[in-house]
Each structure stands twice: as structure tokens, then as C-alpha cells.
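Look at the two complexes coming up: chain A is in both, with chain B in one and chain C in the other.
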Partner chain A sequence: MTGFLGKDFWMRNETLVALVIVLFCVFAAISDPNFLSVTTLSDLSRASIVIGILAIAAMIVLISGGIDVSFTAIAVFGMYASTKLALAIWPDMPWPLIFVMSAGIGALLGSVNGVFIAFFGLPTLIVTLGTLSIFRGFLLTFIGSQRISDLPPAMRDFSRGVLARGTTEAGYFYSIPWAILALVGVVVLTWFILSKTMLGRAIFAIGGSVESARRVGINVKWTQFFVYVYVGALAGLAGAIHGSMGRMADPFSLVGTELSVIAAVVLGGARLIGGYGTITGTLLGVGLIVLVQNSLIVIGVPTTWQSVVVGLLILLGTGLPAWRAKHAASGNA
Partner chain B sequence: MNRANPTIAVVQSPEFRLFVIAALVFAFMSILSPDRFLSVQNLTSMAFQFPEFAILALAVTITMMTGGIDLSIVGIANLSAVIAAIILTTFSDPAMPVGESLVWLALAIGASLSVGVVAGLLNGSLVAFYGLPPILATLGTGLIFTGLAIALTGGSAVMGFPSSVAWLGNQQVLGIPVPLIVFVVLAVLLHFILTRTAFGIRVTMFGANPLAALYAAIDVDRMLLKVYVISGLFASTAGLIIMSRANSAKADYGSSYLLLAVLIAVLGGINPYGGRGRVIGIVFAVLAMQFLSSGLNMLQFSNFARELIWGVLLIFVMIINTKNWAGIFVPMARKPGKTS
Partner chain C sequence: MTEAQAGVFVEVVGVTKRYAGVVALDGVDLIVRPGEAICLAGENGSGKSTLIKLISGVEQPTTGSIRIDGETVRRLTPRQSSAAGVMVIYQDFSLFPNLTVAENIALSTQIASHDIMSSSRKCRDIARQTLARIGVDIDLEERVELLSVAHKQLVAICRALASKARLIIMDEPTTALTAKEVRVLLSIIRKLKEDGVAILFVSHKLAEVLEVSEKVVVLRNGRKVAEGPASDFDAISLTHHMTGRDVAETPPSQLPVGTPVLLEVNGLTRAGAFEDVNFTLRKGEVLGITGLLGSGRTSLAKALFGLVAPDTGTIVLEGREVPLGDPIAAANAHIGYVPEDRLTEGLFLSQSIVRNVAVGRLHAHQNLGVLSLNALVAEAAGWLQRLKVKAPDIEAPVQSLSGGNQQRVALARWLSRGPRVLVLNGPSVGVDVGSKSDIHAIIRELAGEGIGVIVISDDLPELIATCHRILVMRAGRIVDEMEGGSVSEEQLSVRLAS
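So, the complex of A and B:
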């Protein structure tokens, strides 16, 4: 360690991503002085709540050495099924109950992934690819394929709830929704599990090496099972928030965004081979992706180039560390 | 272990199980709706439908044999189609004499196949020289290719081709649909490459054990480069067929084909960790999927139910293939299930 930054500070993905974000903001502020305002900040934070929770979920799976592509299907399933159930049995159901229900459904679906991965030992990509079609197909065939814009009143109330609102001096309106607290809650809970409990140690350990983890006495199966159930619950919660904030339960939304969520996580430094990933990095990655998706036009890049930029960022963000690692390995050999 | 008895080896192989599944689905659908499922019209329309995603599945197959994956196939297919479409609509018009329009058609096809080669070179060099995990490299390049196609077209469809373009996707030669012929040629070619050439053996060896392959003095970087170029070429061929069948090109055609192609490759018995798989498995997997979806269509199932059944089929086949039943009951006896 050299000083308080740590000797690898300048080499970390987090630093790189943060630098790119700062550069982006500087350019944006130069081309449009209004960019640096509370309004932009509140818009961006609003846009990053759902993708943020999903990214935290995807990060845990990556840390445990797997990959999950089904979480968007779980999110939509939880959101749509719980909305429909609430409308059918108790339209005035308070929103916390709806959210808990959605998270519960998510956990249940996550446990399906968990059973196949932990107990049947099937490859995670294949299982979640299969369950992605299963969950989505089941939802659209048996539960419904109509958009519901008549949400339970409590969900609409939730979307109206704000922590702070106001008007800037320039006359722009801003508001910070309650939902941001859900993201904060998920971050704190996940941080606690990952760095303060044996369970968190176990998740990192099986991501590093399944065999070593088993030999030090970690129950690999139940740890993996927990990971997929927890991810399912987070996805269900994210789905319910997505539905409330969009004021519509749309069974066709979210699915298809799973690769950009994973891209955000990977940009933040989590490794596909498992055993490494930080919450700070993931949140920075989410910030960068949201920034590119919403504000590219501000720095003068047409919106049609958006996916080219995201693709380049992924290649740079993962290419630099991989290239360095390759050089380091051949240097030592 | 089955070398002593070749018949048992054949019957026990995942490909044979898949053949049985495809045959069962075919028989089942024929019994449920004999007059419609077995009609010439249905059989021909099936033969026109599956080659485009089957060729994409072949592209995934060769990358998966090395333990990698190519998530950029749909991006490559669409970018190639868009480039070909732009050449055709800019330089050629329906009123042109046939000979002249054929020259432009040949140029357009050449250009779009070169796109496939360049895209494959990019993927291959990212994987081989920069050491990126294939999932991430091709995820990133896939976004770039799709993004370039969007930027070139502004997101709208390119159309208005000379009539000769429709030949590739919609005509029959001796009663056999042209796309099917293309698929069969490519499948035979890939089978030949994988089993009868030194390159194919190297691909399989590397997939089975990368370190051993490196110590066996295989030029791994060159081999990976070739693998991704082949995958890119197959993808742009599929793109041309899609363009011809749709009579237009667009940046977001066939976006559901990516997961479908991966699903078919895995269903077809290709080991996602590399080193094992046969092209014939892909053929049976594609047939099973196509029989299933045409049949379900006739039985008035929705597209969504079809998706559900595909997913169930995938996991069902994986469970049968791994035969890891002991692992469920005996906590210590299991293989590490790790994806990279």
C-alpha cells in the first residue's frame, strides 16, 4: 500500500469508469451549461433505480461464478403477476404488500434456477437461458399479455411519493422519488451480506474456486441456491418498482435489457470467471450506462450511435484489464 | 468405453436421443393434425423457415467447440444485410437489365461476406490477442455491429431491391428450397472441417483442454482467429437469407434468433465448455424445434406457449444429457458447475 489510495488505485476498473463519467460530464457541461443541474441529476437517478437493483442482483451471480440472463423475465413476472393478483383479490392492497408479493414470486422463480444449478449441476448460462423463455412464455400464455394501465391505487400513490421536489432557479422542475430508498436499501443489505456475513464470504469463495470452497467446508449447493433465490427476490422487487414508476404493468417491458445490465456490472469490474466484484464498481457502471442511454445527445453524439458507444465502452472496460492481465501473465512465465 | 460395441455407442449418444425426440415430435404432430402437418405446403414452408436460424446455430457451434461463444452473430447478420441492401438500392434498380443487376448483386453479396470476415477478425483478435472472455468481446462487438447498422440506416428498413434478390430466399431448385440447400452445404462443410481437417481437430483439442493444446504447440491465436472468421461468414450468409426472405434489411431483424441459436447449439449436444459436439446433433435439434413450433402453430398455440415449450425442452435435454442424478442425492458427488 502506498498511501491511502492503495497502489492499484489507478489500475482499477472503478477508477477508470469514474474518470470516464467525469470526462463525460465535463464535455456535457461545456456543450450545454444546463447539464450540470439538479434536474439532470434527478432524471438520471430516477432512470437508474430499476437498472441499479437489477445490476446488484446480476453482480452477486457473477461473483458466485455464474451468469444469470433470466432476471428480467423474473422481474416482469413478479410485477405483472402481483399486480393482477392484487387487482383480483384486494384492489386497495397497500403497496408494501404488493412489493413483498412481487419479491416473493421472484424468489420462488429464482429457486427454480437454484434447483437446476445447485442440485442438478447444470451450467448457469444454459439454465437461465431456458428459464428466461419458460418464465416469459408462462407469463404471456397463462397469466396475461395485456398491458394493465389501471394499477392498484396504492402503486400509483407510491409513484407519486417523493423525498424532495422543487423548481430550480432556471425554472426546471425536479423530484427525487421514494423509490431511490429501495435502491439504497438493496445496496446496504447486499453490502452487509457480502462483507459482514459468512454467507458473503462463501459466495466469494465459490466464485474463486468451487473445489477449494468445498474443501474448506462451505456448503456449495445451498450457497448457490441462496444466490439465485436472493437474485430472484431482488428482480421481483425491481419489477414492482418498474411497474409503479411507469404507472403501467406491461408484460413486454424489461425483457431484452438483461445484456445491458450485465454490461453495466462488467464495466464496474466484476469478473465473469467469478470471485471478484464490488458494489461501488457496479453502481458506477450503472451510472455510466444510464448516462450514455440518456445524455449522449448532450455531448453531440446522435442517439443512433448509442449502442456503438456502449459496445466500445464494454470492449475498453473489459479489454484493458484483460490485456494487462495477459501481459502480466506472460511477463511472469 | 463403448468402443467395443459401436451400436451401443450410437444409441447412447446425445445425438441419437435428439433424433428420437425429433422423430417423436414429428410423429406426434402428424397424428394430431395429419392433413395439415403432413401437407406439402407445410413441409415446404418449414423448409423455408428454419435455415436462417439454423445457420446462425452453426456459427455458434464452432465458437462453442472452443469453449467460447459468439453473441454478435445477429449483429453481424444484420450489418451484412444492411450493407448489401445499401449497395443494391444505391447502384441497382428494378428497371436495370438482368445481367447488369446480377453484377451488382454479386458485388453486394461479396461486400456483405467481407463484412462477416472483418467482424470475425475483430472478434477473433479481441479473444486471441487481448484475452477478452468471448462472452464479453462478442457482447460488445455485437452492440457495435447493431449500432453501426442503426447508424447507417437511421433505424428504418432498407428496401426496393431488384427481383433477382428474392431468389436466394424464396426459390426452389428441383423442388428443394434454396435456403435449405445453403444450410445443408454449410452443415456438411462444417462437419467436414470439424472432423476431417487438422484445423478441426485442433479446435476440438483446444476446447477440451486449452492448456494441453497450448503445450502441444498449437498456434492457439491463429486458430481462434479462424474460428471467429468462420462464425462471422456463416452469420453474414444467414443475414443475406433473412434479407432475401424479408425483401428488406433492418438493424433489428431476428433479434430473438440469438438466444434461439444458442439454445439450438446446446440442445444439439454441443458442450458449452468446449471440446464436444457434432454437427448432426444441430441438424436434429433444429428439426425438433421446427416440427414443434410448426405443429404448435397448427394446434393454435400462441407464440408465447412455443417459447415456454422451447425452454422446457432445453432444460429437459440438459438434465438427460448430464445424467447427474447421483449429485442430487449425494451431496459430495458432483462436478463443479462453473460458467466462464
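So, the complex of A and C:
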């Protein structure tokens, strides 16, 4: 299908996902004229912050040719441990410090993954499945299993901070939280690392072929180690934001959502074999997943159908380009 | 530096390498001068891979030394070696399929210069300059996975050049190239030599690169057995030195008149791949099918075994029509297929040698779904012995074998099933000369037993040596038919290209 849009237009996941988003919005706008509003946008962007940061983290791992399922456990560990620590030693600790602490704990836990994967050369899925269970179990056993709704005041302040707020003409309230800047910051930093530094090139190169990367002189071990530490730090940050925006440190939250985060990344075009993935695609994938999780009801689909729809999207969104690529490949030879 | 050493880039002096008691290299000398192309010939296991590893610093010699620019380097590391300008282009090219042409070419340069930032303009500049240096035009922004094999090789050469290569070691440079692409490669090699870049071809299929080479060095069992100006060697003498025996092959004798037809292919067509293909195969006949890359020969081979579904046409085996596009039906009809790419299509690489053979006979050794393992393994082992697979341990993974032995394992699997028709796609791709003539002997023997063999290949001497008849394909059609014994290589290559 070579149309006016270029020959690989339909092969790109980004295009497909964007198209599905547009279609979804059209249907939603038809069934509810109020759907296309600043309120919806602000609700959706609020819901995208944590999953967005986690998805960016998961994307880097996929690009490097690995897979990480432990990042939700790291996020919740960082969030809960730093909250508890702050309450214990300095309840009035400013929120940036709490966030840095959570990200630091995340980086430390990520380095555990990094050591096993980069220096012992173990398979990434096995290692992170193991650490997912270990981190979570350790958290619940040694640090605590009580929900903390009495957060340090600074964290509550953070969740109240807004960039903009107002009321639409139809009388709906909207606000855009500060936290969105964290997502923007993570996106910019990650984009910079991936496309402007040699480190980023090395991550792509390792995802393309580990053996070739070694032969051209890339330090594969340290690059992989960096990936898992960075992912841990992002997860810790996402966890802290999740806690303060939900006004509660819940050690049982987040874990279990890792697969829908990875689903968002895969929808956006990252390949499980490594070497491929774009930030645009990942953000679009996140947008679609968030849309499905929050607004399915608007177009008249019961919320119980959520996971079915997400599954169908993954099958179609990633299956279609793969199927087309396979057909294109078997045509010649 | 003495006068004699002046102008020598790399010198290997009396190098011996032992691995756990096995001598891989035994007192080998080699001198590489700037702008000189050298053929390092040898069969698998002759020690040529070991020699590359020593020169590139991946391994250290047990005794002897390596001199670069006249200075002996103790414990040469890969980093030192590449810093001195020794670049190895492996058979798989070591490229990054997911990155663009420009990134692939520039990456190692950027890494070597300890860049922290990656500038896409610098990257494109480096790529453009090196491509211009060899006079080739490839889209810089194309992802390497979408390139042809020949272009991938050029990208690998450019990457070596971008890293200031003074010696490029090319492992099996022509194995995957068509005759036309080989000519392009040779003209590029000539340019590089004028620039003072030395080239070391490492291969067991070197006749094609002899014309651009100054010197030939032949290794056999870890020893240098011949060395001399390239003009003193030809394909036959190379083979003689590599194997230590004369491999003279005679084309098969004519089939007796009235030999019954085994397989009939009528009007086989698949849009975009092949069109109206008709031929017959007689009992005990070896039929060659050749054509340039893209002529449809591979699609046709796959169609015969049901891996590609034709749109129309019939395949009739001994009077019975074989269902199209169904490999299981083809296998049940006793058609066997040994694919061109053993590694990805033919073998279970990490599984044991004996299992790779036995997998073809699971159905015959089961009783109510329970396998009789002993009988299965015994039969498979018997076939391995019959095909002279050289394996110290048949429980070792099949990937530990050399190319020639792997091909025999793939053959053994099909032979154990008692095939009537055997389709061999590129039977000797990536196989050394000695094994090649053994495989040809096996083909002859099979035909002698009444099996119909179809050999699909672009190795013209191979076709001439083994086939009763040769069909030439062009743009999906069979355009020519020749008697195997009567045609010369030149005639065949003219018909192929015209």
C-alpha cells in the first residue's frame, strides 16, 4: 500500500495509535459533546503523569534489548520508604528532597538489577521477575504494610500546586498540576540522553546487537548498568509523585500495573527484541491506554471491558505492522 | 628498524597457538605490507580464524610474536590492534540492523574519539566522506536491516575505513555475493589498495579474489603449507593445497534411456515470484536450477516443498498430485528440502547433533504416542556415521560443528526418512572445499539409489559437476535448459546473465 503518505505510513505504530486516538475522540465527542474540553484534557494529563514516567523508563529497557517488570515494585518501594523516612526524621522535609530520596532509593534498587544483568549476564526477565517479588516482599516485611494517609505536609503541598486552573464555560472545573512538569522533564532528559549523547547511541546499539556493540568497543556492561539504574531512579520519582498526588503512601499500590505500562510502550512501537522505540510513540501509547482506562465509559463501553479493549489494541496495534512486515519480507527473495 | 622491515605494517613471527593441548597454529609467519592484498586460504579448522584472532588481539599467541610497524607488541589487545588500524569485517558484518547507514559507519569512530555527545551532523559527514572515498552511493538515513547483503558489506567496509583502517581483514567476503556484486567489491578493493590500505581475505572460496591479490598464503592443519605470488595459483592449485589432495570432479554419466519420470511440475505460478514453471525429474536424476539472486529460484525451491504457496499449477509425484503450499503433505509425499540458510531455517542450533537427525523420524519410532528413544537414537547415529559427520560427541550442540558437517546433519535428517525427491537449496554455501566434494559425492550416491535430486545453486562449477541437466531461471521463468556434462562454466554464466 504505497499511498500519498509514504510507503511505510501504515507500518508505523505511531500512525496507527494516533489514528485510534483520533477515532476514539471522534466517537466520544459524538456521544458526549462535553468530551472535547479542557477538563477532559486536564483529567487525562493528570492520569498520564505516573504511567508516562514509568513508560519512558520501560521504553529505555526495551530499546536496550531487555525487559524490566520490577519497576512498579521499585516505584512503590521508593515512595513508601522515603515517606516513612521523612516522617521519622524530619516531617517538614521539603518535597524536592523527598522526591530525590525516592529517586535515589529507586536508583539503588535499579542497581541491583543492573549488577545481576550487566555483570553476571543473567536474562533480564528472570532477574526482574525475581527482584519484583523480592523488593515488594522486603518492603511489606521490613518497612511496613500500613497505608500512610498522613503524608509529610510538603507532599500534600506539592499535589495542590497547579500551573493553571479555572472553570470552563460549561461550568466544569479543571486544573493542571505541577507534576506534569516532572513528566516533561523526564521526557526532555531522556530524549537528550537517547538522541544527543553517545550513551544513548550505545543503548540503541546494544539493543540492535550486543555482540557487534562489544566489537566496536562499546562498554556493554556499564551501559546496561546505567540503563537499570536510570530506570530505577525514574521509577522512584514516579512513585513519589504517585504517592503525593493520591495523598496516600499505599505499599500495595502500583504493583500489578507493570504489564499495562509495557503494553503502552509496545503499542507505541518499541520492539521486544530491542533496538527500537521512540518517545513520541511511547507517549502516544500512554495516551491511548489512559484514554481507554478513563474514558471508555463515555463511548458506552462498560468499564469491565477495559482490559479486553487494551488487549485488542495490543494485538491489532502491534500485530498489524508485524504482519505487514512479514508479508513484505516473504514477497521478495 | 632495518631496511628489510621498512614498509611492513603487520608481521606475524613464528606464532604458535595451543588450546588445551590442541595445536591450532604451528609456527606461522605472515607479512602484511601497506596497499597489499593477501589471500589467506584454508579449510575450516585450518587455523585461519585463530590467526585473525591473534592479529586482532582477541587471543594471545602461545609462542611467537606479532609486530606492528616494526615494533613487537607484547599482549596485543583488541583496542591496541584497532587503534593501529587493524579492522576485522566478520562474516556477519557486526552491523546494527536498527541503526541508520550513517550511524553504523560513524559509530566506532565516535566511540574511539571518546565523544560524549553524539552529533548527527558529524555522523553524516563521516559517513558521506567514507562512502565518497569508495565511490558508492547509499542512502545515509536508511536503516541497515533494509539493505541488501552487498550493501551491508559496503557499510561494514566504510565503517572500517572511517576508523582509519590500514589493514582490513575480510572473513568470507564473497560467500553471500552474486557475481556482479563481487565485481563491484573487487573494484572497491583496488581503490583501497591505491590508498595504501592492506587487505587480508580469509576464506575457503578465494578463486574470485585472486585477481586483485598480490600474495596467497595457504594454511592446513595449523601449518603454512604454501605461500607465493597470487599469479602462481588458480582455483585448482588452491584446492589442492587446502585439502592436500586433488579434487577432480567428473560430471555424472547420462541416465539410461527410458528412465521413468519421478516428478512432474506443470504450470507452477506465483505472482511476483515465478511464472509458468514446467519441468520433469526422472528417477536418479540430478537436476540443477540456477539463476541470479531475485530470479525466483529460492521461491521455486520453497514452493516445491510447500513452504511457499503457488497460485496455480500442479506438482505430480509418481502419478499422485502433491497438495500445494503444505510442507507436511510434501514431507509425507517423501519430498525433502534442505534450505539454503541452515542456521535459521534448517537446524535446531542449540540442540544436540543426534537430536537434529532424530527429529525427522519421531513418527516412525513411537508406539501409542510413546517414543522408543533407543531405537530412534541408534538410527540417527547410524545415519551420522554413514554421512561421515565428524563429531567427537553426537550429544554436542549442532552449532559446534563446522559448516560442512552441519550440512551433513541436515542431509542425514532427510535421508533417514527415505525421500524420493530431495530439494537441496545451496548445498555447499559456507562449506569448505573438502566437505564440498564429499557433499557432491553424497549427491551422486543418492541419485545412484534412484532418488531424484534438485540442486538449486548459483555455484556454477558445482552445478556442472553434479547435474544431469541444468535449468536457468530469469525473472521468474525457466528460460534455458542445458546438459550438465556438455556445458562449460563460461557458457553457463553467459546464459545466466544475458
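Remarks
As a convention for this text, the second predicted complex is superposed on the first by the 324 of 333 C-alpha atoms of A that agree within 3 Å, B and C clash if a C-alpha of one lies under 4 Å from a C-alpha of the other, contacts with A are read in each partner's own complex, and residues count from 1 in each chain.
Keep this in mind: a contact is a pair of C-beta atoms (placed from the backbone, for glycine too) under 8 Å apart; a residue touches a chain by one contact, two chains touch by 3 or more.
None of these values were measured; they are calculated from a predicted model.
In the superposition on chain A, contact of A:A205 is made with chain C only, not with chain B. More residues of chain A lie in contact with B than with the other chain of the pair chain B and chain C. Within the superposed three-chain model, A:L140 lies in touch with chain B and out of touch with chain C [touch as defined at top].
Of the two partner chains, neither chain B nor chain C is touched by A:S45. Touch criterion not met for A:N294: it reaches neither chain B nor chain C. Judged by the touch definition given at the top, the superposed model places A:T257 against neither chain B nor chain C. Residue contacts after overlaying the shared chain place A:Q306 against chain B, while chain C stays out of touching range.
Within the superposed three-chain model, A:T15 lies out of touch with both chain B and chain C [touch as defined at top]. Legend: residue contacts after superposition of the two complexes on their common chain; A:K196 is shown touching chain C, with no touch to chain B.
Once the two complexes are laid over each other on the shared chain, residue contacts for A:Y276 go to chain C alone; chain B is not touched.
Overlap of the chain B and chain C interfaces on chain A comprises residues 211, 274. Those residues of chain B lying in contact with chain A across their complex are 71, 126, 130-133, 135-137, 139-144, 146-148, 150-151, 154-155, 255, 259, 262-263, 266, 272-273, 302, 304-312, 314-315, 318-319, 322, 324, 327-328, 331-332, 334-340. Residues of chain A touching chain B in their complex: 65-67, 116-127, 129-141, 145, 210-211, 214, 221, 224, 256, 259, 262-263, 266, 272-274, 302, 304-315, 318-319, 322-323, 325-326. Listing the residues of chain C that touch chain A in their complex gives 78-79, 82, 88, 90, 94-99, 103, 107-108, 110-112, 115-118, 120, 159, 272-273, 294, 298-299, 308. Chain contact summary for the complex, chain A toward chain C: residues 195-202, 204-205, 207-209, 211-213, 215-218, 274-276, 330-333.
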